[in-house]
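Take a look at the structures listed below.
The following pair of complexes shares a single chain, subunit A, combined with subunit B in the former and subunit C in the latter.
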Partner chain A sequence: MSSNALRIGRFVARRLVQAVPILVGIAVINFLFVNMAPGDAADVLAGEAGAASPEFMADLRERYGLDQPMYVRFLVYLGKMMTFDLGYSFRFSRPVTELLLAHLWPTLLLMVTAILFAFIMGIVMGVIAARNVNRWPDYLISTGALIAYATPVFWLGLMMIVLFSVNMGILPSSGMETIGAGYTGWRRAADIGQHLIMPALVLGMYLTAFEVRLMRASMLEVGEQDFVTTARSKGLGENAIAYRHVLRNAMLPLVTMLGLQIGAMLGGSVLVETVFAWPGLGRLAYTAVFQRDINLLLGLLFMCSLMVIITNIVTEVAYRLIDPRISME
Partner chain B sequence: MNAILDIKGLRACLRGRSENAYVIDGLDLTVQEGEVVALVGESGSGKSMTAFSILQLLPPAIHITDGTILLGGHDVMKMDVRTLRQVRGTQASIVFQEPMTSLNPLMTVERQIAEMLLIHGKATRRTAPGKVIELLELVRMPDAKRRAKQYPHNLSGGLRQRAMIALALACEPRLLIADEPTTALDVTIQQQILKLLLDLRDRLGMAILLITHDLGVVAEMADRVAVMYAGRIVEHGPVVELLEAPRHPYTHGLLSCLPAEHADPDERLTEIPGLPPQPGSIRQGCPFAPRCPRSDAICTEVEPAMTSDGASHYKCHHPWTAP
Partner chain C sequence: MSAVRNSFFRRFSRNLPAVAGVLLILVITGMAIAGPIFYPAGPWKLVGRPLLWPGEDARFLLGTDVLGRDLMAGLLHGARVSLMIGISATVAATLIGTVIGAAAGYFGGWVDRLLMGLTEIFQTTPPFVLAVVVVAAFKPSMASIVTAISLVSWPPLARLVRAQFLQLMPQEFVLAGVVMGMSNLRLIVTQLLPNALTPIIVSSSLMIATAILLEAGLSFLGLGDPNVMSWGYIIGVGREVLRTHWYIITIPGLAVLFSVLAINLVGEGLNDAFNPRSRSR
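Right, the complex of A and B next:
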């Protein structure tokens, strides 16, 4: 067992080392893209102040190093990035790293909930549909998945707010917890949970629909493979065949796809967090873009790359734990 | 002698096509206790479907319309699901053609065999691992203890087929159905596996229904041979008579295109001119008529009935004469 843990540890370490050049590459691209947009933070700050003298502008630029040539700014940025010093956010007047960490947990909570929901629902519904193929539970689930697949996320978010918050008043429409309630412990967890339901559902809806359809197809495909006939020839019942033999094999494509869908989900979280005023990275990104908060934006992009890389490593490990044919080496 | 397997008038139809698309069409076949019967025929003649129907493992597209299949004296088609599950593995079990795909890739060899022992109450969770090793040693799996803990992908084709045979023998079935068990293996391994099967028959006394298209194998292994064409048995008899004096032109064709020194195993039985008929394409007469050198008007009109001549049984209007 411990040798297994060691193998996983070595695998993760190797993957992390391999990720370093990728991260540097991403940093280059991030930096170039953000700097290609016209205007800089000084323009924005000055613009919001109404009017600003050229001296004030020059002073701002000098103070934040915006007057340096681009390659100097990039090298400085890269050097600092290595030590997780992601600079200072002009808009929030706080270090970027601090801002990111403060907004990371809400986003992680939201995304992990959405992913777990999608994964579990995908398996449960996919299995029910596949085991009742071309009967009413299958039609119901398949049609439902198709509708969910085709529903725009922002529309769904707004409709849910109208229904559950405005009309029925049973779920809070925004934020992560009740401000000023001062809850602690379980009471606070329950409060956060209540705030979490709608954004997590909306964020996970598309992925859920996707995974249901994938799981159904995968179950049906695996169900026709030779080893399933072998299992049947042993005298196993249909439940044992489905859950012991087909299910695990059918889950493999789901795990693979999950790793690929995380990036798309990060994009979705910008939308969902904005609609539900969820205090996470997505909403932070939205703010950063519109206020030309370049340091913050770069930090966010860096953070997202890191998250995508880590999720991919996690899915790779999960895949290898399920499938012995793919080795950790 | 008692028949462990007795199939009478079996017809199985391919669903969704024209109503006469029979993949098995009036098949009679018996296997006595302890006997090795070879079922031979070209690819597509319905051998696998016959094997699958014995344990009711036919794919969903194919269903049985007529006939009886007595396994150990009981009709498998009249069994309820529980009885059927109980019969699978204990009365008869199957070794499939493809060792690469017929084991679950995500389960160790031990778990797959132990599962079989457990559901039939042949072992407990505590005794199962030991019993699995015994079975693997019975099929002469080298290094059985280590192999038991491995996954199918760690094993070569030959070793997988040994694992498959160990699985099939786990609950001491009275009939072992081997559906082209060596087709996917290379020649030397083929010989080892076949020798193993014969050996096991001698030690355990079970009957074997050996499906093959290799008549060389038949000569070495079988007590009796049944030749299958277009979903039916066209000739059957003791191995010596059938190989030395085939009566049916199809059997004759199979034998005459057997290479003298059957050296090249990849050379399949495709040398009879023409192709076997698609299921449902035969409306009347002898199914072999379009390819038969001896056919005449009556052959295309009237399907010949099974005729017995001494130990030989054949369905033909113009059989080759006994020497």
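Right, the complex of A and C next:
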């Protein structure tokens, strides 16, 4: 057992080391894009303050190091990043790292709920579809998945607000909890849960559609393999075959694909959090874009990439734990 | 060759969802063409009382928006924007992805490692977030939106082309080309690419759908080209009166949904028709 834990530890460490050049590359590209922007934070700050004298502008630029040449700013940026110092947000007047951490938990809560929902729905619906292949439950589920796959998330969110908040009045349309209600303990958890339902459903919908289709295809494919024929020839019932043999093997691709879908989900969370005024990283990104908060944007891009890398490592480990045939080496 | 082509068309035309997708695409293209013909004044013109419900005034079949602009004009002109951006971003992304994937697969070694590293960097950054930053950095315009969408869409295609090349390279017809002394470029263009074309066509056609969704999301956030009215923009503006006038966002939203659905159906139809054995159902 302990040697197993050691192997996992070594595997994770190796993956983390491999991730370093990628992170540096991401930093280079992010920095280039953000700095290609015409106008800098000083312009935005000055524009907001009304008429600004050239002296004031120069002072602002000097204070934030914006007067340095680009390569100097890049080296400074890279050096600070190594110590997770992501700079200072001009607009929020707070360190970027602090802002990111403050907005991380709402996004994590939203994403984990959405992923769990997508997994459970994906497996249940995918199995139902595969076991009724080319009959009406399959057609119904496959068509539903196709439509969900084509629906813009922000639009679905708005339509759900119309239906559940405006017309039926059963779900809150924005925020993470009832402001000023002062709930504590379980009452507060229930309140947050109620606010969480719609955004999580909407954010998870795309992934659900994806996993339903993947699960169905995977069940059908595994169902044709030799070990299933063996099980059948032993006289095992179709239910036992489906749940004990096929299902376990068919779930593997779902885990793998999660790592690839997490980036799409982070993008979706910008839209979903904007629609539902969810106080997470996505809405912070929306704010940062419109306020030209360069440091904050760079920090956000870095944070998102980091989350993708970590998810990938976690799914790789999970994959190897589920299927011991794949080695940790 | 013609027998192969015939069986391809026969398989495609037997696939009812794919045919429905083609018809839907024809309808949307018709809308895009009809826009400037029926509404030559463009979708921005204030033509009537604001916030008219569909059918409330016979002149405005789909009603008017917050400022009194005709939603039908917006819908038709929006089809144009979605198709144009979807197709041009896909063409650009296909070019980038094919060149990078082909170079990585063909040359191998450090070229491969470098290009795949670049691909991985782009795949690690969440596509929509990067697109938002790029569009915001260059100021929203048709050109910056197409650039951003193609910039975040090419990596899967590069991987696909590379994989195809790695599979084709050891085959005899390629080796024959090498022995004949073909140049690298000639080998790639005349021998390898034509044989990798099928999967490129399938994934490119599906990429148009993703591009349309990305564009809709960008313009919903207010990052659309301020000179063109897209479906995402109409939804973004209609959002302010969501509680009282939900019809404004419903129509363009459905338009996005049906466009993306149609393209996905056609893309999958192409895939099934090209690879009849992949259809195990």
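The working rule: the second predicted complex is superposed on the first by the 329 of 329 C-alpha atoms of A that agree within 3 Å, B and C clash if a C-alpha of one lies under 4 Å from a C-alpha of the other, contacts with A are read in each partner's own complex, and residues count from 1 in each chain.
Following the convention adopted for this analysis, a residue touches a chain if its C-beta (ideal position, glycine included) is under 8 Å from a C-beta of that chain, and two chains touch if they have at least 3 such contacts.
Computed from a predicted structure; not experimentally measured.
Novice: Following the superposition defined at the top, how do subunit B and subunit C come out on subunit A, clash or fit?
Specialist: fit
Novice: What is the contact status of A:225 with respect to subunit B (first) and subunit C (second): first, second, both, or neither?
Specialist: first
Novice: Quick one: is A:323 in contact with subunit B, with subunit C, with both, or with neither? Answer first, second, both or neither.
Specialist: First partner only.
Novice: Is A:184 touching the first partner subunit B, the second partner subunit C, both, or neither of them?
Specialist: neither
Novice: Should A:134 be classified as contacting the first partner (subunit B), the second (subunit C), both, or neither?
Specialist: Touch status of A:134: second partner only.
Novice: Per the contact definition in the header, classify A:53: touching subunit B only (first), subunit C only (second), both, or neither.
Specialist: neither
Novice: Using centres of C-alpha atoms, tell me the angle at subunit A that subunit B and subunit C span after the overlay, to the nearest 10°.
Specialist: Placing subunit A at the corner, the angle measures out to 80 degrees.
Novice: Once the shared chain is lined up, is A:245 touching subunit B (first), subunit C (second), both, or neither of them?
Specialist: Only subunit B is touched by A:245; subunit C is not.
Novice: Count the residues of subunit A touched by subunit B and by subunit C, then name the partner with the higher count.
Specialist: In the superposed model, C touches more residues of subunit A.
Novice: Tell me, in angstrom, the smallest C-alpha to C-alpha distance between subunit B and subunit C in the overlaid model?
Specialist: The answer for the closest subunit B-subunit C C-alpha pair is 12 Å.
Novice: Could you list which residues of subunit A make contact with subunit B in one structure and with subunit C in the other?
Specialist: Touching subunit B and subunit C on subunit A: residues 224.
Novice: Inside the complex, what are the residues of subunit B that reach subunit A?
Specialist: 52, 55, 57, 59, 81, 85-90, 93-94, 96, 98, 101-107, 115-116, 119-120, 151, 153, 164, 167
Novice: So in the complex, which bits of subunit A are touching subunit C?
Specialist: Those in contact with subunit C are residues 21-22, 25-26, 29-30, 33-34, 36-38, 133-134, 146-147, 149-155, 158-159, 161-162, 166, 220-221, 224, 262-264, 266-268, 270-271, 274-275, 285-286, 289-290, 292, 297, 300-301, 304-305, 308-309.
Novice: Please output the residues of subunit A touching subunit B within their complex, sorted ascending.
Specialist: Checking each residue of subunit A against subunit B gives 224-227, 229-237, 240, 244-245, 248-249, 322-325.
Novice: Quick check: in the complex, which residue numbers of subunit C touch subunit A?
Specialist: Touch list, subunit C to subunit A: 117-118, 120-134, 136-139, 209, 213, 216-217, 220-223, 232, 235, 239, 242-243, 246, 249-250, 253, 256-258, 260-261, 264-265, 280-281.
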